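First chain written, first letter: the chains are A, B, C and D, and each begins at residue 1.
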């Protein structure tokens, strides 16, 4: 198990913006100080197990295209080889974090007991990998969507035994995450939704899901896990409709079940756009409602209506998201996880590296742009000035509840109010963003 | 004011399914008993003032195509003529309800005072029309989006004076609605959203909106209005993003500001589809979360990404919505309002009639289909049986909070649970729906 | 090989609209005469091999859910069992046609030679099945998209050897289709497109594709195949963009390469909607441009942006398509192929039957509605009357090329033309359609 | 008429990337040499009359928000004032070109004759403006979509008199464009499509349109106009479906009617994205099929499904388009026309300037990036190398028509071809683009 796997690739160096080495960073410089903190500590980049090590290049119309030795069969031996590849990759890339589903890292078998032994062995190796490399666990999660038992949902399944099975999986991975020092635990409800309303009792399923999440929160406290529980919204796919549609829908759900103080959001770019939102919108919504947790950073294809999970390459999108995040105090337990996969035609190991390098450089450029946005204060200043009327006088009275609808009606009528619009300056602000 | 306006068209009769008279109902039969209630009382159909009497056939690329005498200029005289046309139309069509915005029915001028006198005169005529015809007011609303003062929002405007102006408008129409016996009051926040996040403080704007709605609710109670306050979700247009995006987003908002017991939803079909949902989904969501209020019944074009507001013509869509609505007890204060406009090429008065007739016949067919769905019990029975496991034993224990995550993990592990999937029978159920 | 596979299901009977037997036809009655032809001969229904017998219920987020014995491994033995299941299914369902890809029916191996023997054995069995049951081959096709060699396209691959491999596959299946009496040969270019323009020479790839299609047409004539060569448009998926985007795009392509007399279209409902068109539009476009060939009849999900390939259940959509098709003379060599798959939760064999039954009943109802549309002549009559001005006088002169732009300018200027619009009567026509 | 209109704004200077003057160019430097040509001569920027001077800030839900003196009424006097404003704007901004519709520049009345006199007066003033400022006419066009006579189309109208009226308008503006030295003439068929297929004879309408375009081409040659005739594709809006859907659809149309040598494309970014394409795709398609003409440069909103016509601000999009355009030889008679409007909240005159400045800077940055892409040759080199197999040996034989399908089948079979895939390197290429 000590053979090098990515043989022709060494530790990826930072070479700066003038480099044309495709296997070097041009912008991602971990120790560079940005607004008083190291770049690495701002971005908290994570590599995900599933797309990077498990996905074989299959799509709905074609078989796998990659040639990764550990993908030949779902055995423990291959799982160990995959883990070796993963830690070698983390180290060579120089990332501080990784993420995984239980099903990514070990064969789970058909019963809980069958998975226990395999996971135990993998946990041991993962522990060793973490200790050896210093790469940490950003979050763990349980796969409640791939096995056929979950075809009609995990927590929202019509069969309570499936709920129980899901509970067992989550308890197991939550505990494993806790032992491994994971900083968050994520729930992605890939099948928590419906394929057709004709066979679905939505109210009942939402109650089941509410109960499930409450149990997860209770368990977290019971075992002393101090990380953050996160829900990842997605509007659809593989289901027709997923209950965790977008940030606002999850917000409603959390408030209905009294969980809004316990659970935060793991927002994904591609899921935002599939829901008809910009990523910036979802970030801003999460912040406005105290729900910001962590991020799956990738991108969709604006012309394709499914989850393409491409590596991010849009500086402005990254910069605007980071501007909001930094303005709200920056990441705490969350990070930027590359829930992204190389294209099916990118079959070489170096494609894996170049994809992550490109993504990390994009985040780095976004961070440096956000630093400038915050530094010169023009964007924030414009907004502050625009709403200045709400910090005093009439505006402050209204917000403080000192004016009734009648009071305002009287005011508007008696004073003959004729409020005049002021330019929103959208083009000016867009030009401003393009300067950074 | 006593001249007939729609001269060649009389009262629209019911002639039954074999009729080929385009100016007769084939399916809408007000007195037909359906599940113990008159069809008219189930459907509570309303005609809207704006599309039916105010819209001149303009679109973003072309001038008005219609030739309605009262649309020549925005004068009180024309407003009176329009009101005459409206009541003649209501009577000839035989609908029980109508709806309006303040700006639809009278010139509002530039100050609150300028609108007061015009609205007072119109209210007097509307009162007379209601008394004479028996047609009732389903809901009133204030237009907080057309005037340039509202270009950056009403309640969410950066200028508190605009908020005050909006408050005055809402207070005035809410009171007018109350005096006229209106059964609901609707808020549609056409500009409560943003064109760009670059100039927007989302948290502040949502707080403003929360305060505004709270004031409306307080005012309702103060004046003794017992109707329902409704919010109409729409994801976008005219704004890039509207805060009342969809049912779930409004749900989150209402819970955040403690309004979930006071305000319900006015759901529109075309707004649902623009938000990426089926109408059936929005209906089911509203019911599952005790938010069902009223409906704007129209349809969008599946190939066009804006609000086309076409008259409904899809029996199955109507039937599925009505199946959910009737299963939840049916409409109370709400109704089916045709927030729909004839196509720009449908320039004749009889097009207005035929459009409404077609819409009402569609609702009638949907109701009769829903009656059969409920009558034979197969759809509901299938769902009940599918979730039967949750009404007893393990399922009931889980829902009642008697099992912890650990308990279930132990159960799944120790009993070696291997839950087997059961067919969801989607195609069977779709075939079943096609029988009704 | 003589054991019955679908053991509890017999020949599906026609029981009429009042039946509630889910395993009986309610509307599909093969011998019923419609406009002078048997229903079966109008609809020419086909079952496809791939979705119905090969797809295991896998999706991008989950493993197979079905339990079909022949899917255990890609062996010739299983292929034979699958073929047995297929013919049993065809007979029990009572369909006149089937369709297949080479890769559906036999293991193809890694070289052309490896596939030859397996296909020869399968052809022998297929021949026997056809002879025994009378079920015929609507079309064959070669799978040029699933194997990793095709990841960058078949005909449009950067590697000419892949082109040659694709040519060999097509030649082989075209010849097999010819020997089996197939009535058409279809090309679906699932990978003939691009994932990114950054690595793509679009002009060169289109030239390659043009050359490929010309070779196929030449080969067809050389071997004496008198069936129709068809191209199936799809806008995207699995590629970002497919060159056969929609009917119009294929039309342009065929004209550019001089193939518009040789090749026709195989239109699919779900591909039409993914391209932003109604199916009716694609049908009307094909007819208006003499490109109508055959149909893959399914439906997409209006809220999902990928190919869901659901069974059709929309009567009106079927009726409007059939109205156009019958008005244009009806199907010739084409048919209605169910390129549709049961939902992943529909795991039982009877789901397969019920899905096809529902689809066939939908087509049957559509046909009967189209019969009435054509019978009463109102729709066609309205259109004829609307364009009457073009059949004589000014209109006829213009179309015949007897008027220049100057002539018309003079006419309009000198006669002071003020053409008046006439109502397009869209709502009337929609109501009319709802009567059938 | 000699009063300055934009009083506080002078000639917009170039101040370079370090400037933070919102009324200065940071990147657009007309005389800067790029690949041997002045930046201005590469980009050929045009300002459009309609959005910039005619649109009052109205949308489907609200009245105009702007306060432009010449928009008070549709009089000749105001048209003259508007023209004065336009030329002042062109000069201050420093653009070389402008574009207009007939209806933008003068009141057209109800008959051709009524418009003649007004247009003659405006032509005189426009001539003087051109002579005085040196700003030239990129293209003229006739508005065949706003007046109610065109509600059912211009050339595709069911009424031949409307066709004649449209012909008169086009003849008049084409001649005016010719006299004013316009370099192109554009046709945008905003109503050449359908609202419903139920009342539409698609084949007939396409024949009408084919005849119309042929007449325009004949007229162009008759009057000696040597500019280019352009068609602007758009998929929909205001119609449900427009016949000029996208580049490929227009391509099919032009080939069907034998016009592919006479007419080229005026591609718009927002129309591309509404059709489900990237702008880069439409550019590449036009180039691959010898149809590149001119560009309407703007952008849509990725979350909104209508034509938002925003000013461009995406450097990479501009760079990739320009990379293709320059690689194909650059613009000839075409240009980059800002078919873009400031947001409805951007009510000040300086918003108009800042919007255009931002757009021109974006184009300039895109040009400079494209210069670097072309300069280092890496992108083009990668593509050339990828397809190298097609320039010799087997590939060359295939393209030259020297191999039949049988030849290739024999080759693949006998040589046991097992072509191996090569990485498409998408992520590497995306990273590369991000370097420029």
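Quick notes on this one:
As a convention for this text, contacts are C-beta pairs under 8 Å (C-beta built on N, C-alpha and C of every residue); 3 or more make two chains touch, one makes a residue touch a chain.
The structure presented is a predicted model; accordingly, all values stated were derived computationally and were not measured.
Considering every other chain in turn, the ones in contact with both chain A and chain D prove to be B, C. Of the two chain pairs examined here, C-D and B-D, the one linked by more C-beta pairs in contact is C-D.
For the pair chain C and chain D, the distance between mean C-alpha positions equals 36 Å.
Averaged C-alpha coordinates put the centre of chain B at 40 Å from the centre of chain D. The residues of chain B that reach two or more other chains are 65, 148, 151-152, 195-196, 236, 241, 276-278, 281, 303, 343, 345, 347, 421-422, 424-426, 430, 433, listed in rising order. Chain contact summary for the complex, chain D toward chain C: residues 110-113, 116, 148-149, 151-152, 157-165, 167-168, 170-172, 195-204, 206-208, 211, 214-216, 218-219, 222, 235-236, 241, 245-246, 248-249, 251-253, 255-256, 275-278, 280-281, 284-285, 287-289, 320, 379, 382-383, 386-387, 389-390, 393-395, 398-399, 401, 403-406, 408-413, 416-422, 424-426, 429-430, 432-433.
On the chain D side of its complex with chain B, the touching residues are 57, 59-65, 145-148, 150-152, 190-191, 195-196, 236-238, 240-241, 274, 301, 303-307, 343-345, 347. Note for the complex: chain C touches chain B at residues 17, 20, 22, 26, 65, 273, 276-278, 281, 302-303, 311, 313-316, 342-343, 345-348, 351, 354-355, 357-358, 361-362, 365, 421-428, 430-435.
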